[in-house]
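Per-chain residue numbering starts at 1, and chain names A, B, C and D are given in the order in which the chains are listed.
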Amino acid sequence: MIVSNTHTHVSNVPAKERAHSRTYSFVHGNHQANRARLLISCPDQPGIVAHVSQFLYEQGANIVHSNQYSTDPESGLFFMRVEFDIPDLDTHKNTLHNQFQPIAEKFAMDWKLSLANQRKRMAIFVSKEEHCLRELLWQWQNGDLYAEIPVIISNHPIAKKTVESLGVPFFHIPVTRDTKAEAERQQLKILEQYQVDFVVLARYMQILSSNFNQIYKNQIINIHHSFLPAFIGSNPYARAYERGVKLIGATAHYVTENLDEGPIIEQDVQRVTHQYDIEELKRIGAQIERTVLARAVSWHLEDRILIHQNKTIVFE
Amino acid sequence: MIVSNTHTHVSNVPAKERAHSRTYSFVHGNHQANRARLLISCPDQPGIVAHVSQFLYEQGANIVHSNQYSTDPESGLFFMRVEFDIPDLDTHKNTLHNQFQPIAEKFAMDWKLSLANQRKRMAIFVSKEEHCLRELLWQWQNGDLYAEIPVIISNHPIAKKTVESLGVPFFHIPVTRDTKAEAERQQLKILEQYQVDFVVLARYMQILSSNFNQIYKNQIINIHHSFLPAFIGSNPYARAYERGVKLIGATAHYVTENLDEGPIIEQDVQRVTHQYDIEELKRIGAQIERTVLARAVSWHLEDRILIHQNKTIVFE
Amino acid sequence: MIVSNTHTHVSNVPAKERAHSRTYSFVHGNHQANRARLLISCPDQPGIVAHVSQFLYEQGANIVHSNQYSTDPESGLFFMRVEFDIPDLDTHKNTLHNQFQPIAEKFAMDWKLSLANQRKRMAIFVSKEEHCLRELLWQWQNGDLYAEIPVIISNHPIAKKTVESLGVPFFHIPVTRDTKAEAERQQLKILEQYQVDFVVLARYMQILSSNFNQIYKNQIINIHHSFLPAFIGSNPYARAYERGVKLIGATAHYVTENLDEGPIIEQDVQRVTHQYDIEELKRIGAQIERTVLARAVSWHLEDRILIHQNKTIVFE
Amino acid sequence: MIVSNTHTHVSNVPAKERAHSRTYSFVHGNHQANRARLLISCPDQPGIVAHVSQFLYEQGANIVHSNQYSTDPESGLFFMRVEFDIPDLDTHKNTLHNQFQPIAEKFAMDWKLSLANQRKRMAIFVSKEEHCLRELLWQWQNGDLYAEIPVIISNHPIAKKTVESLGVPFFHIPVTRDTKAEAERQQLKILEQYQVDFVVLARYMQILSSNFNQIYKNQIINIHHSFLPAFIGSNPYARAYERGVKLIGATAHYVTENLDEGPIIEQDVQRVTHQYDIEELKRIGAQIERTVLARAVSWHLEDRILIHQNKTIVFE
């Protein structure tokens, strides 16, 4: 279960970055000062919705969106996401939190309260191919991804120019078999220093260690360049070409211990024919990859994803 | 607003038909004896969800699905669909209805309570082209459309064999400019006699009168063979060919006074190229038409559609 | 390489069937009396197209469609499909065949000349689920699949009524582990007796023997209910559900020795969400299966598919 | 008919630009030094393919791709695109041209010979919204669009920074009702000075004059933000919202006298629901627009598009 109480940051971000992030005006920003999201998962039983909605009503909240899902109404698990507006959210925040606690306990809830205007801090890892990185940066610049991007890390220097032209700090940390452990130590230190909430692997071609995955459990999103579970592992386009598939795809998923087997967030495909060679498959695939990854990241940012066992519940 | 109190039928259906409809076992049928759906629309204000869910909780209901939508949380309209299980629904039904009335009044709700195991009675109108009719009959036979089909009416005799082989009464009512009014009188009489709830125009190539539309207001679903609002009117495939579009489509919509301008329920498209002549567009289009219509009909049967002004809210 | 000289049948089809097949008027039938298709594969080198088109020109042919593909213009394999009209095709057929022989030899061609108005004889194998069978029969009835269907075989009696209502002979041949060899002997005897050109496995849930596959090499089309190579083997929908994929699919392929690993002809997918249980995945999947299979069969019937190694070249 | 003899430029491009364009290595560049494309349209009759392929064979060419289409083999128009490799293309070019002339005359061909390594010079016009511009620039930088971009013109200063960071000259030419004629004079002068072959309107929100369209006849590509012919004219997203469509789309087309009615090159759509407000439709639509426009531009660059009456033949 991923939901947990919301974490707040003491803001000691590098000044340069903070100044920068304020230069973009985000489309969603204005009217969301009083908007919050409540994410819940608990054993299903009658009365959950009644209690939650009664609570919100008493707090003066107006529900804007509400989604729920039960694996089985009789004895399954119940998942809920409520988006609501509440006057003077900033001053109410702690009260809201404390007063919900008894309901959470009554229903044995795993829950999280998240403020819409508090941007998540997203680090991006990238290797040589920039298409996914660029799509994220572009949508971010354009206000379509409501996040902070405090830092971008790469095992190659290629993306440096692209990244720094936007005023985002870029760290080049080469990784070889021998330096891998040390490289991860540096990466983790940077992530901590920049108070990163979650990490996006935007075609980062290194496998992270168990330890790294544990620290950012359910907080690392990867894009795999195939329609999983087809073509797990390396060189999926070459293998798609060999197999002669008529559609190629891409999969965004949370990273777990088992390579390419974490919970799938989003997938998409595109039609190809016998005429396409591996290079052309890669070129078409790159378009799918960047679209799929950007969609998954936006859902993560908007708290639309709950994880249950090895699957995601996405409340679109 | 379409929602209204549920209409119940005194069951005087022709015996043959009733016997017939019982011969199919519907996949959704078994576990739905205690399932109901509440459809609500009303001015948005805080407290609606709280009151509705509190009410259901007190009735001992377990919410299975719940969807809501507001055109504007501040001063808009609010739409809700709740699907729930409640023990001994049959005996509770009237109580449920009566006890909800005060809440409905408090919030000025337009509302409808619908029992999942009470199949809607659907008439199908068809002309010469059978592909949409067949898709509906097939999905119905297969248990994918949970409906009664008491009667099928056509202005041509072509579909007679297909229809009667399934034991469904078929009426051939020819329509010419001169006989149109009389033909509609016959049609309406048959619909009444067979206690039809709603009508599907499965490529029925006659325009119904204002009077007919009024009697079955928001209860007639048509399939138009284009991606509306492109190619309103006749011969859409020929016009799509002339225009050189790269996608052709189909649109299922509720019928209103204005031809092809009623609320859209569902649309889909398929890619075509310069190589396709009009006949091939028709052949491809036929596949889209039957898929789109069947999807729209299934949503109508499951009370997933609310109408607001000239648009639909579809709770999938 | 699949292409081979065209096989012609002495027509001793059961009278009933032949009478039947004439009762449908096929849309493509009329104008195709003089239409032929030439399928070629050979090592690529300059001059192939020049020689083939010069030959057709001299024969008085008018090229209607022409497609070609080369794995590598320098040293690869070349594939070509030419569709052409030629006056008095019936009387010219043998001449055409003989006079092309020297060109075929010059370029070491594997080739086949196929007459558009000579319908291929297709047997359908089915088990319990009828949706793919029905789609094929329906499109066939409607003239969209230009084939003869001399016989349908099943290991269950379920489809008997559907099949015989269309006047097509139906054979129920049960298969158990013990009777499998004998059952295949019967099946093969029937296929021979009805002069079947190719076999469609329309959700036939038995694995054919090596021997069977050899006899109808590249002439058996199967529909697998997943997006191959994901979920090879049994219960793909259950496994798709377990894995939490966001798209489900179906794959039509030629059958080879290795289960679900033959050359892919066509694939398609549809979006699903966490809300769909296994039954719903099956229901949605059934729609994809029948569409994908019907498309693959129509391409086979129109000689649009060449096989190269384990892949198909589809000239749409 | 658009095809015409190829136009060659005396190269007097501004030095800065030329230096710049050489800094990108294009993926398709290396192996295309000896590749040419022949585009033909003429009345259909037997022998065209035979003569063309015989000619290419005699010239020592190896055909790489060949596509053809006939509106009607009996008395229609014939369209052909042949892509071929020929040794020492540079030295052969004029000979090739001259020697093909007799064949072209024999069949009354409209034709064009185009060298794959000769990049077309593309100007981009843009207003305030940068998403289409950026997609084109990005794909161009990445080598996916094999073009020169000598100049970008806008009626707003917004895109200046984006454009100049890539070293491409940017001209801000404001347009008001009063200055429109003068503005067009300036635009045309710049296009001439930079030897522009064709113009892409990447969300350029001004209507070009008849005169402008005539000068760049069939050489102006526009992106319209709807699925044409639905929502011709202004504010298509607002109108799509009003109509309640379930798919929104975008259309790339050549510009003609009649607004939004020129030959359609490419279209695509994406599913939306009742939940999307106009702003969200715009955001989703922006993704479709940039994909559709980039695809249309790449086909234009690769000489894959022929225009016939008001329709395109796209040889993919």
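In this text, contacts are C-beta pairs under 8 Å (C-beta built on N, C-alpha and C of every residue); 3 or more make two chains touch, one makes a residue touch a chain.
Remember, it's a predicted structure, so these values are computed and weren't measured experimentally.
> Give me the fewest steps it takes to get from subunit A to subunit C if each step has to go to a chain it touches.
Tracing touching chains, the least step count from subunit A to subunit C comes to 1.
> Most remote chain relative to subunit D, going by C-alpha centroids?
B
> Determine which of the two chain pairs, B-C or B-D, is joined by the larger number of C-beta pairs in contact.
B-D
> Take the average of all CA coordinates in subunit A, do the same for subunit B, and state the distance between these two points in whole angstrom.
Whole-Å distance between the two chain centres: 38.
> Averaging only over C-alpha atoms, locate the centres of subunit B and subunit C and give their separation in whole Å.
The computed centroid separation for subunit B versus subunit C comes out at 37 Å.
> How far is the middle of subunit B from the middle of subunit D, if each middle is the mean of its Cα atoms, in Å?
Going by mean C-alpha positions, subunit B sits 44 Å from subunit D.
> Contact residues on subunit A for subunit C in the complex?
69, 227-231, 243-247, 249, 263-269, 273-275, 310-314, 316
> Touching subunit D in the complex: which residues of subunit A?
Contacts found on subunit A: 27, 131, 134, 138, 142, 144, 165, 279, 283, 287, 291.
> Per the contact definition, I'd like the list of subunit B residues that touch subunit A in the complex.
Against subunit A, subunit B makes touches at 44-47, 49-50, 53-54, 56-57, 60-68, 70, 73-74, 85.
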